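Here the chain labels run A, B, C and D in written order, and each chain numbers its own residues starting at 1.
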Amino acid sequence: MNLELFIWVEAICTLAIFSFLFRENPVYRLFEHIFLGLTIGFVLMKTWLEVLKPKWWDRLIYCIEVGDPHFWIWIIAFILGMMWYFQLSRRWYWISRIAIGISLGVGAGMEFKNQFMLIMPQITASFKPILVRNTQGMLQFSFNNFFMVFTIVAVLSYFFFSFEFKYKGMQLLPRAGRLLLMISFGAFFGNTVMTRFAVFIDRIQFLIQQWLHIGGG
Amino acid sequence: MEHANWAIRFLIFLLCASILIRIWQARKGKKLFIRRLPGLDAIDEAIGRATELGKPILFSLGLGGLNPTTFASMSVLRYVTTTAAKYGLRVIVPIFRPEVYPVVEDLMREAYTVAGRPDLFSPDDIRFFSDQQSTWASAVAGTMERERPAANFFFGEYGFESLIIAETGRHIGAIQIAATVSYYQIPFFILACDYTLMGEELYAASAYLSDNPVLRGSLVGQDLGKILITLLIVLGSIGATFATLKGIPNWILELLKY
Amino acid sequence: MRGFIIKLLTFLAGLFYFLEFILPAKIGRYNNPLTPYIQPVGEFLIVFWGFAIGVGALSLMVSHYRKIKLKRPGWAYSIVFFISMIAMMIAVYLNSTHPTPKARFMYELLFTHMYMPLGATIFSLLALFMASAAYRGMKIRTLEGAVMVLSAIIVMLGQVPIGLWLTHRLPAKAQLPRISAWILNVANTAAYRAVIFGIAVGAIAMAIRVWLSLEKEMEVK
Amino acid sequence: MRLLAKLQEIPYRVVYLLVLVAIVLPFVIELKLPVFVSNETLMAYNTIEQLPDTQIVIFVSSWDAGIKGELWPQTEALMRHLMQRGIKFAIMSQIAQGASFAEEIAERVAKLYNKKYGVDWCNWGFLTGDAAMIQALAKNIPKTVQKDFRGTPLTDIPMMQGIEDISDVSLIIDIDYGPRPEWISFVHGPYGTPIIFGCASIVSSTLFPYIDSGQLAGLLVGVRGATEYESLLGYRGMGHKLIIPQSLAHLLIVILVLLGNIGYLAARKLQ
């Protein structure tokens, strides 16, 4: 009984959104707003239940109950946390800049570790022997390595901005870089199709199999 | 490796010093050289085309809030508006984030005034549609269909809507220039636009067209970092080649581990 | 004054993580003095950023409330927004604190059978947009375009079993999934790695500018 | 020639219809296609095969409805493998919606292998704070997480006894639309803990450089990765169901692109 109801509700939701394909219409907008409301409600409640309540409220109460002097840390966290909300006021906007400033500062300070931990292994992994001997498939191996090193250098040269290459031959390097980047962007495009279709197929599958009961499965 | 080693400390020092010195030089008024990108010619061509046809220009700032990318796009907007205003053209700016609106309004008023055409400024040309991506995209597409701009500029950060708006722009036959740091969207812009500035080129274009010393100095300073990485890779690969051929250790690799 | 305090706080906040990384694990006989604070500071930041999640929600609520108050076109939709938001909050709350069958039913209905399909369907529309955009847009007009389209076609076919099925009679090296793997693992890896280097250097530069509050536009008056 | 030029003027509604047909077809007619197992998937499989059962795995699941079609089968396949091998894991999410989806899958899979909540797996729920949280988590798990998503203190959960910091974690799995490189820089970099990413196909191109450098111990790419993983585990799940319509959809797009180009060339010749 419940299941049948659920499937119908789900089907109506799905079809209402699909109606956008013909044109924007009131039914679509209605369900768009329902979705927006559901999302906001869900995120707010989950943030309270799983982040703020266990990690802030319960601890604050606990600290006050046992007389732990650390309770002021959680009071400060609350005051700083409230500063975010001044973003919505034109007059008091500057107060929110304190919260934003701290947040940006933390992000900036961490960026050094973040980027260097990411790229140091990338740099050392790019030290490829461009001539390999005495291994199987050495021609292919050497070619791949040479190709990779060349590509990295060419693409990097495309992003040099403070000088121009003087010699005609060198000018070809950034051009080659842009062309080689296109292979990568082709791969981006090719990979996009799967993501876009995955959900669409899932929806169609639901409509056909669970709602209309067509086909096996 | 929980903390930085000497190689990393050295690289951080070099990079920071190079960027800060360049910014300082630029602030002192030193004219730092930035290469003229091919994309910049495309921007001028697009404005020229709009002038020939006497049609408006559309300049979208993308999804970003008030962050450095949006500010960089805004200096390009200032250049485009000032140039277009001299020829008596309107510039339409669709806005995604409400907080961007007042900043753009001030910028546009100033730009029209600088160009000597304060009469052309109309707040109605700066349009806040929605901060829902799909709604915004269809509103921008709708605007293109109605206003028929001769040139479209897509600068800033984009999501899936790039596909919808760039396609519509191509359909109405506008010259289109895109510049985005959102790498996933670059293929769609390449397909639908006449020229696409990729990633960092957005900042380079902005630094070239404006005289923001911080941006210019930082960009020139960054080049040292990139040159250093390039050199390391070339030397490291040569080292690795000798290491496999002759069996001697790759000292560049050892150096980075120090 | 305000501007100075904000700049100072930004700088100090960044200094902690910067020094923690730069200083070695052992300085002479002493351990890195900042490392023990990584965990408590992290706990604090989790709460601090937890509060930030409400900002976007509140601004949406304010704009919908204004719409209703001023009876702007489409204000009825705003009422729907509030009803569904409150319903979802109740369902999530009851389901996790008093999981009675009724609460479970409400949660299942709103989360599994409304929220999930709506989100999935909105996203799925892109499949159709993308199909028609690929058809209309992927024209080979330039050399760049040709390279991109060719690489895209190989990767598209290599991604799915049909690529293997189409070429399974060819020698192993010429099979589509293998060519596609070469594009992804060699050509794309190298090109995107260079992009990563560019992004990293850019990110460090941006971090310096933000940390030292050098961005003119971001200044507080 | 004029007829060929028409090929680039197929109206968009016809394109939509063709797409629909391509997707519906496999539900009516059964098709079977061979699966090619790629290197990055095999790496992920081997990594999990070799895990010790003395440590736990952190299973980050930060996806929601919009991307369920790709990441659901991945999450299911990986959880099956972990439970099949009897490795304990803890779910967490960096977005509010994520933990609920992972919970639903874990419950289903747990029934298959007779696994119990709290003993074989648990759910830490939603954790904000990105990079700061990741660093704090590596230093001290119970203090950073505090309670599981049902409000039980971590100290009361049997499988979490004796779990202190990152040295008690053998692997981190991050399933996300775009998995966060912060896991690499703040966990793999400093402590060397292996990391497996599961991503939406669209962002996979940006992650391949980390495979080559050894910073990732494996990568699942969209439905393809899930299907390959399923075939390695020897079952036909949601991935196998979705990959066939995917195949036809991809083929259709390629054909459409070719038709569009033929039409374009013909139209150019006409001018």
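The working rule: a contact is a pair of C-beta atoms (placed from the backbone, for glycine too) under 8 Å apart; a residue touches a chain by one contact, two chains touch by 3 or more.
Everything numeric in this text was worked out from a predicted model, so none of it was measured.
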Which chains does subunit A share as contact partners with subunit C? B, D
Any chain touching subunit B and subunit D at once appears in the list A, C
Chain pair with the higher count of C-beta pairs in contact (B-C, A-D): A-D
Could you pull out the chain whose C-alpha mean position is farthest off from that of subunit A? B
With chain centres taken as the means of their Cα atoms, state the distance from subunit A to subunit D in Å. 14
Find the geometric centre of each of subunit A and subunit B from their Cα atoms only, then give the gap between the two centres in Å, rounded to an integer. 20
Would you mind pulling out the distance in Å between where the CA atoms of subunit C average out and where those of subunit D do? 15
Could you pull out the residues of subunit B that touch at least 2 other chains? 1-2, 4, 12, 183-184, 187-188, 190, 199-200, 219, 226, 229
Per-residue overlap in subunit D, given as positions that touch at least 2 other chains: 16, 66-69, 96, 127-128, 132, 135, 149, 151, 189-190, 201-206, 209, 212, 221-222, 224, 246, 249-250, 253
Multi-chain contact residues (two or more partners), subunit A: 21, 32, 36, 42-43, 46-47, 49, 51, 55, 106-107, 110, 112-120, 122-124, 126, 149, 152-153, 156, 159, 178, 181-182, 184-189, 191-194, 196-197, 199-200, 202
For the complex, which residues does subunit A have touching subunit C? 2, 5-7, 9-10, 13-14, 17-18, 20-21, 29-47, 49, 51-52, 55-56, 73-74, 77-78, 80-82, 84-85, 87-88, 94, 97-99, 101-115, 118-119, 122-123, 126, 144, 147-149, 151-156, 159, 177-187, 189-194, 196-197, 199-200, 202-203, 206
Which subunit B residues qualify as touching subunit D in the complex? 1-2, 183-184
Residue numbers of subunit B touching subunit C in their complex, please. 2-4, 9, 12, 15-16, 19-20, 23, 66, 68, 71, 134, 160, 163-164, 167, 170-171, 183, 187-188, 190-192, 199-200, 203, 212, 214, 218-219, 221-222, 225-226, 229
Which part of subunit C faces subunit D closely enough to touch in the complex? 38-43, 45-46, 49-50, 53, 96, 111-112, 115-120, 122-124, 127-128, 131-132, 134-136, 138-140, 149, 152-153, 156-157, 159-165, 168, 175, 177, 181, 184-185, 188-189, 192-193, 196
Contact footprint of subunit B on subunit A as seen in their complex: 24, 32, 36, 112-113, 116-117, 119-120, 123-124, 126-133, 145, 149, 152-153, 156-157, 159-164, 178, 181-182, 185-186, 188-189, 192
